[in-house]
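Same chain, two partners: chain A is paired with chain B first, then with chain C.
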Partner chain A sequence: MNAIILSAIWGVVMMYTGVVTKKKSTPKVVAILGILLLITANWLEYAGLPFFNVHTGGMLAFTSFGLVFNLVAFTATLFYFLLSGSDMEDVGDNVADYFALIFFVLCGVSIATSFASLLMLFLGIEIMTIPLYILAASDKRNLKSNEAALKYFLMGTFSTGLMLMGIAFLYGASGTFYTEGLNLGFGSLTPMVMAGMVLLMISMAFKVSAAPFHFWTPDVYDGTPTVFTSFMATIVKAAAFIAFLRLFENAFGKMHSEWQLLIAIITALTLIIGNLTAVFQQSVKRMLAYSSIAQAGFMLLAVFALNNTGKQGLILYAAAYSLATIGVFAVLIKMKDYTFEGFNGLAKYQPLLAALLTIFLLSLAGIPLTAGFFAKYYMLVAALKNGQMFWLVIVGILSAAVSIYYYFRVIQAMYFKEGKDPEIHVSEGFKTILLVAALIIIILGIHPDWLLNLLNN
Partner chain B sequence: MAEILFWLLTALTLMGALMVVFSKNPVHSVLWLILVFFAISGHYIMMNAQFLAIVNLIVYAGAIMVLFLFVIMLMNMNSDTEPQKNKWLKMAGAIAGGSLLLVLVAALKDTDIKTRSLSGAEGNIGLVQELGKVLFTDYVLPFEISSVLFLSAMVGAVVIGKKN
Partner chain C sequence: MPVNYYIFLSVALFCIGIAGVLTRRNAIVIFMCIELMLNAVNILLVAFSKMHHLAGLAADAGSRAGSEGQMFVFFIMVVAAAEVTVGLAIIVMMYRNIHSVDINFLNRLKH
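Up next is the complex of A and B:
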């Protein structure tokens, strides 16, 4: 509850910051203060010290799983603010409002990680996505940004409509909105429950951009101002996954064997389509959009397996993927040329930046000694432990092998190709923070248990 | 009496909905849609959900329809500017949509819906007073949290609408 209330309040504080001061750099400082406050408050709630005692009527359930994910999401947002916060000033004049919208998204994230009723799921997902439509449109003079926002809005509202229809079916079948009540209520899979569950599955698959509901992703991620793509593709996506897992575990866990094949097909399609299409991209930004689809395939394995290893793996995956992608995007924003050629010879002019970028890309590819390796490892082990559908694990391993190709294309461009100076201007502070992010990725790659032990509280 | 009214309203709703889809002129579509909303509101009143009926009229038949009409008038639509749709695309859409309809109808046609008795003893369940009580006791949390949703939508409208 701490995180939900404080993030909403801090969103309002950010709005007033925009009124009080016209200086463009102030909102970033206030936002960093806010996110530090959120991390502390969330930590205190995790330690058993909630500030607010709200009567939720059982509609929210604060478990260590949700709270640890909140911690991961807020920490990733802190890095995002530190690395890319000042780049928001180049998008438009309403910097304070952009930060306010991001805090509202975080409020939605904290609801999505703690819902125990389908009503709250709907509200959480909506509070997460509506500010994103606006952030996608924030570059008002840019036609691509407008296109991205409109596309995202139309597709997003359509999938929300499907979700509502699914919720209506489930309510008709069981007479309750509570996930626990749904899980207990179904002795057998009646057509009504089936229709509701499949509609919910489709809309959640849309929100996490799983194939075959991924078609909006490349255009939206490409058209949105790069600063906001970074946020959209990492923290929000990971939070949608937590909601997906919680929904299917709490509401449909008893019918696991009935829908497992459906999720397995979606997972396999996502892995194959995401990875193969990423290979053919010429722009690094578009490649990252497809890579986010491919990584979504791996995260879906947790929903497929629905066991403890999968849950641990999803937390680790969220941390590894978010940090690494935020790092890559932070450097990408500074580049003028978004194609692979733009990275040619970067190692010669910016050796530290290139080295850190390499660590992030290695983590995304899942090379040992980085957090990405253990994240993928946990996912595959979860799928194996589940004991069903072994072929999915093979698809996962093969796709991971394909993904190495396109991540290494960037590394190869940086180290083995000649190019002219890309003239990147970054401060020492930026490099230091990027270094810290890379260190966290390596530490998590050696000691994933340091993060995962938090779940055993 | 109530049964006749029910079937009349149902026929009106379905006919209106079909005309929305089949009208060539978009303005006519919108006008038919208004009829659909009125007929649905009639259903709500028959179920004793007066608040829902009024809200449906004010929000949908009122505000949203006016918005629709504005958009259609501003877009200046005529047949020349209308993009030609691919024949195959249309066919694929019809087949896909038809299959979905078939599957849903086949699956749902003989399910038993848990109907709770809405008439009789609980006859006042749809009244504003009852709704208010439930909204501010059992459902107070979603009610309050939806304010964040509206706030972010308002901020967004200002961000997009403001002159730079």
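Up next is the complex of A and C:
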């Protein structure tokens, strides 16, 4: 509850910051203060000291799973603000408003990670996505930004419509919106429940951009100003996954075997399509968009397996993927040329930056000693423990092998190709923060238990 | 009236909305079709709410079962209004730049 209330309040504070001060650098400082406050408040709630005791009628349930994810999401946002916060000043004049919108998104994230009623799921997802439509459109004169915003908006509201229809069907079948009350037993799959469940699955697949509902993702991620793509593709996507997992565990957990095949097909398609299309991309930004689809395939394995290992893996995956992608995007924003050729010879001119970028890319590819390895490992173990459909694990391993190709293309361009100086201007502070992010990724790659032990509280 | 009629009506409206979204080219019309989908859901929720209420009354005269369905409808209206403000702003922004609301324009990013 701390995180929900404080993030909403801090969003309003950010809006007033924009009114009070005209200096472009102030909002970033206020935003960093706010995110530190959110991390502390969330930690206190995790430790059993909530500030607010709001009676929600059982509509919100704060479990350690949701709170630990909040912690991961807020920490990733802190790194995002520190690394890319000043780049928001280049997008437009309303810097404070962009930060305010991001805080509103975080409010939606904290609702989506703690819902116990379909009403809260709907509100959480909507609070999460509506500010993103605005952020996607923030570069008002740029036609690509316009196009991305309109596409994102139409796809987003369309999938919301599907989700609402699903919720209405489930309500008709069971007479309640509580996920606990919905927990229908094996064999209670009437046509109405089935229609509701499939519609919910499709709409969640839209939100997490799983194939075959992924077609909007590359265009939207490509057109959105790169600073906001970084946020959209990481924290928001991971939060949507937590909502997906919570929904299917709490509401449909008992008839797991009846929808498992459906989700297995979605997972396999996402893995194959995401990885194979990423291979053919010429722009690193578009490659990252497809890679986010491919990574979504791995995160879907947690929903497929629906066991404890999968839940642990999802938290680890969210941390590894968010940090690494934010790091790669933070460097990408500084580049003028987004193609693979733009990275040629980067190691010669910016050795530290290239080395850190390599660590992030290795983590995304799932190489041992980085957090990405254990994240993928947990996911595959979860799918194996599930004991069914081994072919999905094989598809996962094969697509992880394919993914190495396109991540290593960037590394190869940086180290083994000659190019002219990309003229990147980054401060020492930027490099230090990037170094800390890379260190966290390596530490999580050696001791994933340090993060996962938090779940046992 | 049996609840089936309401289900048929709202599923029909919902399908008209989906067909509109998938076939129309004008952003405003697509937007109206999405609103149609949301309102189909509203009808369905109210119908189910009444159905559950009647079932609750049969069991217990003071029952308030089914009221949450109507509450949900209010939330959908509020969220739909928020979506309209953002969506129309995006469409107006697009119109200012290209003087058209045709979504064929949206194929520019493909390559």
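Criterion: the second predicted complex is superposed on the first by the 453 of 457 C-alpha atoms of A that agree within 3 Å, B and C clash if a C-alpha of one lies under 4 Å from a C-alpha of the other, contacts with A are read in each partner's own complex, and residues count from 1 in each chain.
Just so we're on the same page, contacts are C-beta pairs under 8 Å (C-beta built on N, C-alpha and C of every residue); 3 or more make two chains touch, one makes a residue touch a chain.
Please read all numbers here as calculations on a predicted model, not as lab measurements.
Looking at the shared chain after the overlay, A:M165 reaches chain C, while chain B stays out of its contact range. Judged by the touch definition given at the top, the superposed model places A:K24 against neither chain B nor chain C.
When the shared chain is aligned, no partner comes close enough to touch A:K348: not chain B, not chain C. After overlaying the two complexes on the shared chain, residue contacts for A:K431 are found with neither chain B nor chain C. Residue contacts after overlaying the shared chain place A:T56 against chain B, while chain C stays out of touching range.
Contact with chain C, but none with chain B, is seen for A:E147 once the two complexes are overlaid on the shared chain.
Of the two partner chains, neither chain B nor chain C is touched by A:K254. In the superposed pair of complexes, A:L123 makes contact with chain B and with chain C alike. Contacts of A:G223 after superposition: chain C is touched, whereas chain B is not reached. Contacts of chain A with chain B, set against its contacts with chain C after fitting on chain A, overlap at residues 119, 123, 126, 130, 133-134, 137, 140, 172, 175. By the touch rule above, chain A contacts chain B in their complex via residues 4, 8, 11-12, 15, 54-57, 59-60, 92-94, 97-98, 100-101, 104, 107-108, 111, 117, 119-120, 123, 126-127, 130-131, 133-134, 137-138, 140, 172-175, 190-192, 194-195. Here chain C touches chain A in the complex through residues 3, 7, 10, 14, 17-18, 21, 27, 30-31, 34, 37-38, 40-41, 44-45, 48, 51-52, 55, 65-66, 68-69, 71-72, 75-76, 79, 82-83, 86-87, 89-91, 93-94, 97-98, 103, 105-106, 108-110, going by the rule given at the top.
Per the touch definition, chain B reaches chain A in the complex via residues 104, 107-108, 111, 113-114, 116, 138-142, 145-146, 148-149, 151-153, 155-156, 158-160, 162, 164. The touching residues of chain A, counted against chain C in their complex, run 119, 122-123, 126, 130, 133-134, 137, 140-141, 143-144, 146-151, 153-154, 157-158, 160-162, 164-165, 167-169, 171-172, 175-177, 219, 222-223.
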